[in-house]
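Across the two complexes that follow, chain A remains constant while its partner is chain B and subsequently chain C.
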Partner chain A sequence: MNIRDRACLYLSVAPLIAYILVFTFVPVLCGVWLGFAGKFSGAFPSWENYRYIVSHFQFRSALLNTLIITGVGLFLELVAGFFLAFLLTKKFKLKGFVRALVLLPLGIPTIVSAATMRSVFDTQGYLNEFLYRAQLIRVAVDWGDGGMKTLFAVVVSDMWKVTPLVMLILLAGLESIPGELYEAARVDGASALGTLRHITIPLLKPFIVMALVVRGIDAFRLFELPLALAGRGSPVLSTYAYFEYMDYNNPNTAAAAASILFAIILLCVVLVVKTTTRKVLGGK
Partner chain B sequence: MKRPLTSVAFAFTLLALAVYTLFPVYLMVKIATGDPSDIMRERPGLLLHSFTLEHFRNVLSSGYLVAPFEKSLSVAVLTALGALLLSVPAAYAISRFPKNVQYGFLLLIFVTRMFPEVGIALPVSVAFIRWNLLDTVPGLVLAHLIRVLPVTCWILLNTFETIPKDLEEAARVDGAGKLAALRHIVLPLALQGIAVAAIFSFLMSWDEFTYALYLCLSEPTLPLKVYYYMNRGNIFETATYSLIVALPVVVVTYALQKYLRSGYLAGAVKG
Partner chain C sequence: MTIQRLFLLASMVFLVFPAGCAKKADNAKTLSVVMGLAEEEWKVMRENIFPEFEKQYQCRVRHFQVEAGDFSKKLEAMVRAGNVTVDVFSQDNMRLAVLVNKDLVEDLSAYESVVPAEVLPAMREVGRFNGKLFFMPYRPNVQIAYYNEKRLEEAGLEPPQTWDELLHVARVLKEKKGMGKVGFQAWGDGPTTAQLYEFIVSAGGDPLLLNDTGCGKAFAFLKTLYPYLSPDSKKAKWDTTNTYLANESFYLAQNWPFGVRIVMRDYGKKEIKTYRGWRGPVREAHVIGGEVFGIPKGAQDKTLALAFIRYFQSKEVQEKLAARLGWPSIRDDAYGNMADWLKPHYRSVKEALEHGVYRPNVPYWDEFDKLLNEAFLRIVVQQGDVGEILNAYHEEMEGIKREYSR
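Coming up: the complex of A and B.
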């Protein structure tokens, strides 16, 4: 490749890289800077905003809610996604139809699913109606009034929307495992559980890690669903940052909260990638 | 001997799955076409009891639909165009770079995914106040490109990677110039991938909520209308606007199912 061609290639990439730097990395750095700029004292750097939010009851509950929603949600989505992927490795009539059906929630806009889930989890909503019919409750449950119930509503709504994505990743993994391995395990008299533990899960591991990272990042950043279903009563970090900015007109504390969220995401991704790659290397 | 029992259990599982998946979508239609006397009850039934187009008529005649619809549509079209303009040349160039450069680029894109959107939207909205870009179409397009570009880059990089360099070189040996080789060999082969990237960026902008919430104060987009009516407790408008936002997305996503799979996965594997 001559120098002119090479220059052309660099020129073709430059606008995109410039865009990503100016509109993604610069705002993130600005956010970090805002978080360390004292609103009242004007000092920089200052821990003022961080001290304020850490002492704020709402922030502590937002932090806890974020961790619970992410942890519980990820676990349930992985289990359900694995189950769905496993179903779809079977051969049966209408398989193409079932696959299309299972993928349907991926096509529903998040704000629409949030609005619909609000009808489901309303006090006079459809989950309560179902529970009346099943004779599980006699008095309406108020799913939105805070605590574990509300977090449960957020997790279930998120699961409905994104389990298909987890399923797709795990299905690709399951389909990559050669059938002969199962055949050999069967011949050797392995139990179903043994096959799962010693063949499926180890070979699926890279795909599980991928699902964990891709979904984990999004679970930490959930915004529409907690905004619609939990509101100000049970904030998560992203909605807390939104309320601080829009309702209390305090960009500095909002930026500090968003920076903390980013730090948590970064920490988790590095942790997951580090531990899993070391294990893979150690195993080999 | 176990067989009939297992297949009954299997069929039952599939049925339960279908009901669970379809219920929220069904509910949206039920509310949007339900008679108020039937929906606004302490114990709403689970089945369809009434059908009316009254809510659609109200939304259409209210005069509040057209402006948000136009805004959403123009932002989505411009976002798709902008995404192609920035990422087609870039993705092509990167596909011709050595592997380690490609890896570095993908890492960069993956890192942008880790930033919380509320963290990006806040400084952007502060800057847009100063630049008078709040509530404008160009402002929202600039913001939507932030989330759209990584996805279109993934799709397009995968597209260009599958086109062998040899084809291009053969054309040049036959005397075609660099640009002619691009136009007659590479672009036609990449056209499908480019179309998929364009459609995905359109959809990602069409139903985008977070940036719109930060950057639109008095001229909402369609997703903001859903949120607005939801907060006011107008469930019929909420459901009707929801259907209007969701319908094109559902139809197109359904038609593009196989790309949804390879596009997302290829992106995820490499990231």
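Coming up: the complex of A and C.
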């Protein structure tokens, strides 16, 4: 490749690189900078915003809620996704229909699913109506009154929306495992649980890591569902930053909260990738 | 590499071509207006309000929807970039200080005579800062109380006139229905602040102090009332309150008068009535809200913008807005064309306006808003200690005031 060709090549990708720099890296850097700028003094660098939010009860609650929703949500999505994927590796009637049905929530915009879930978890919503008709409750349950009930509503709503994605990733993994391995295990008299433990899960690990990373990033950034279902009573980091910025006109603390969220996501992704890839590749 | 070069050339042509082709669509004067309205309100603007202005002034009105909370940030970006594409904007009267503090709006003091003499005197003062007039009124607002007459009668209750009666109604409804049926806009931010402000002033307090006797009384009362409120209060704000009244999650709640048309006409809930609300232990107070017009610094056609403001303040337009949208008027002479079914509700509005209180336009309103909301969350929702929490927020508020006075 001569210099002219090389220059032409660089010129072709330059707009894309410029776009990413201007519309991704610069705003992120500006956000981080804003978080370190004093609200009144404008002094830089300053820990003022970080000191404020760390001591703020709403921020601490938002951080805890984010961690709970992410941890519990990811675990349940992985379990449900694995179960569905495992089911879809089997042959049965109407398999195509079931697969389409399972994938359906993935195509629904999050804000629409948030509105739908709100009508499910409302005090006069479908879930309470169902529980009442089933004579399980006499007075409507207030799913939005904060605490674990509200977090449960958010986790279930998020699960409904994104488990199909986890299922797709795990299904790809399950279908990539050679059938001969299962055949050999069966010949050696391995139990179903043993096969799952010693063949399926180890070979599925790269796919589990991918699902954890992809979904983990999304779970930390969860915004519409907690906003619609939990409001201010049970904030998460993204809604905390939103309320600070939009309602209280405080871009500095909003930027500090968003930077913390960014750092947590980065840290978790690095940790998950490092520990799991080491385990997956370590023996080879 | 020929294909790559061709691709590059095509990309450049694609990027440059539209810019070269752009040209001005027509030579008529254009007025760019920003407002934050519901679709039904825009429909009335497009069909009944803007065309007459366009005819009178031989111009075209380009209108844009921007929510009140977003506008200050957008305007700041425009003014700082020296590219102001808005000629006139409407804004909530509680979001004005930030625009003045950041020097984003024109001083309209020289045009004060534009405001018609019939405009209620109190409405003029909303737009004045440090003796200068920056904004002109076009829409007042006041909180009134909505109640489900049928359901209250079934429970043997009357609409409450005092705090004690309010607590009684809330208690009885919860006992009879198993769930609270009195609503409070506890979603947070502006809606909660407006309600808290009213309770504090009714108890004789100064909300900006946060810890005087009136503030203490108001928070203590709300702390007692809260367990008897509808659980949907947590999701209630000015728009969702209409839904909760319509689906009978609330039998009694305060809201702005725009809800009258939505609840009674759109949802067909004829049994829902309005009245001016309840009085506190010291006085009766109803928060006045509303919207004003402003002209951004660097707007291109100030003369046309002023004509637009004057047009909105005219009796003809105010009558149309009252009759078609049910908006209260800034003029006392603009209720002539109101439909019969709306008249009782506007009696409630007028009575509430008689006890109207304005919230001060202080530069630290956003911070105050936040502290008041936090105090509400900790004292009323989480049932915390009134005195201790209010004293802590008072100290914080005083610190913020000192920062602003530097």
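Everything that follows uses one rule, which is that the second predicted complex is superposed on the first by the 283 of 284 C-alpha atoms of A that agree within 3 Å, B and C clash if a C-alpha of one lies under 4 Å from a C-alpha of the other, contacts with A are read in each partner's own complex, and residues count from 1 in each chain.
Assume a residue touches a chain if its C-beta (ideal position, glycine included) is under 8 Å from a C-beta of that chain, and two chains touch if they have at least 3 such contacts.
If you're wondering where the values come from, they're calculated on a predicted model, not measured in any experiment.
*Asks:* By residue count, which of the two partners contacts chain A more extensively, chain B or chain C?
*Replies:* Answer, by number of touched residues of chain A: B.
*Asks:* I'd like to know which partner A:9 touches here: chain B for first, chain C for second, both or neither.
*Replies:* both
*Asks:* Look at A:250 in the shared chain and tell me whether it touches chain B only, chain C only, both, or neither; answer first, second, both or neither.
*Replies:* After superposition on chain A, A:250 lies in contact with chain C alone.
*Asks:* In the superposed arrangement, does A:124 touch chain B (first), chain C (second), both or neither?
*Replies:* both
*Asks:* Applying the document's definition of touch, where does A:232 land relative to chain B and chain C: first, second, both, or neither?
*Replies:* second
*Asks:* Please indicate which partner A:100 is in contact with in the superposed arrangement: first for chain B, second for chain C, both, or neither.
*Replies:* Touch status of A:100: first partner only.
*Asks:* Let me test your reading of the model: by the given contact rule, A:224 touches which partner, first (chain B), second (chain C), both or neither?
*Replies:* First partner only, chain B.
*Asks:* For A:133, using the defined touch cut-off, is the partner it touches chain B, chain C, both, or neither? Pick first, second, both or neither.
*Replies:* In the superposed model, A:133 contacts chain B only, not chain C.
*Asks:* Both chain B and chain C touch chain A; at which residues?
*Replies:* Residues common to the chain A contacts of chain C and of chain B are 5, 8-9, 12, 15, 124, 140, listed in rising order.
*Asks:* Applying the document's contact rule, which stretches of chain C touch chain A when the two form their complex?
*Replies:* Going through chain C, the ones touching chain A are 1, 4-5, 7-8, 11, 69-70, 72, 98, 178-179, 187-190, 230-232, 234-235, 247, 249, 366-367, 369-370, 373-374, 377-378, 381, 403, 406.
*Asks:* Quick check on the complex: what are the chain B residues that touch chain A?
*Replies:* Checking each residue of chain B against chain A gives 10, 13-14, 17-18, 20-25, 27-28, 31, 41-46, 86-87, 89-90, 92-94, 96-97, 105, 108-109, 112-120, 122-124, 126-127, 142-143, 145-146, 149, 153, 178, 206-207, 209-210, 213, 223, 226-227, 230, 235, 238-239, 242, 245-246, 249-250, 252-254, 257, 260-261, 264-265, 268-269, 271.
*Asks:* Under the touch definition given earlier, write down the residues of chain A that touch chain C in their complex.
*Replies:* For chain A paired with chain C, touching residues are 4-5, 8-9, 11-12, 15, 40, 57-58, 122-124, 138-140, 142, 144-146, 231-233, 243, 246-250.
*Asks:* Could you list, by residue number, the parts of chain A that touch chain B in their complex?
*Replies:* 5, 8-10, 12-13, 15-17, 19-20, 23-28, 30-31, 34, 84, 87, 90, 92, 94, 98, 100-120, 124-126, 129-130, 132-133, 140, 160, 165, 168-169, 172, 210, 214, 217, 220-221, 223-224, 227-228, 237-238, 241-242, 245, 251, 254-255, 258-259, 261-262, 265-266, 269
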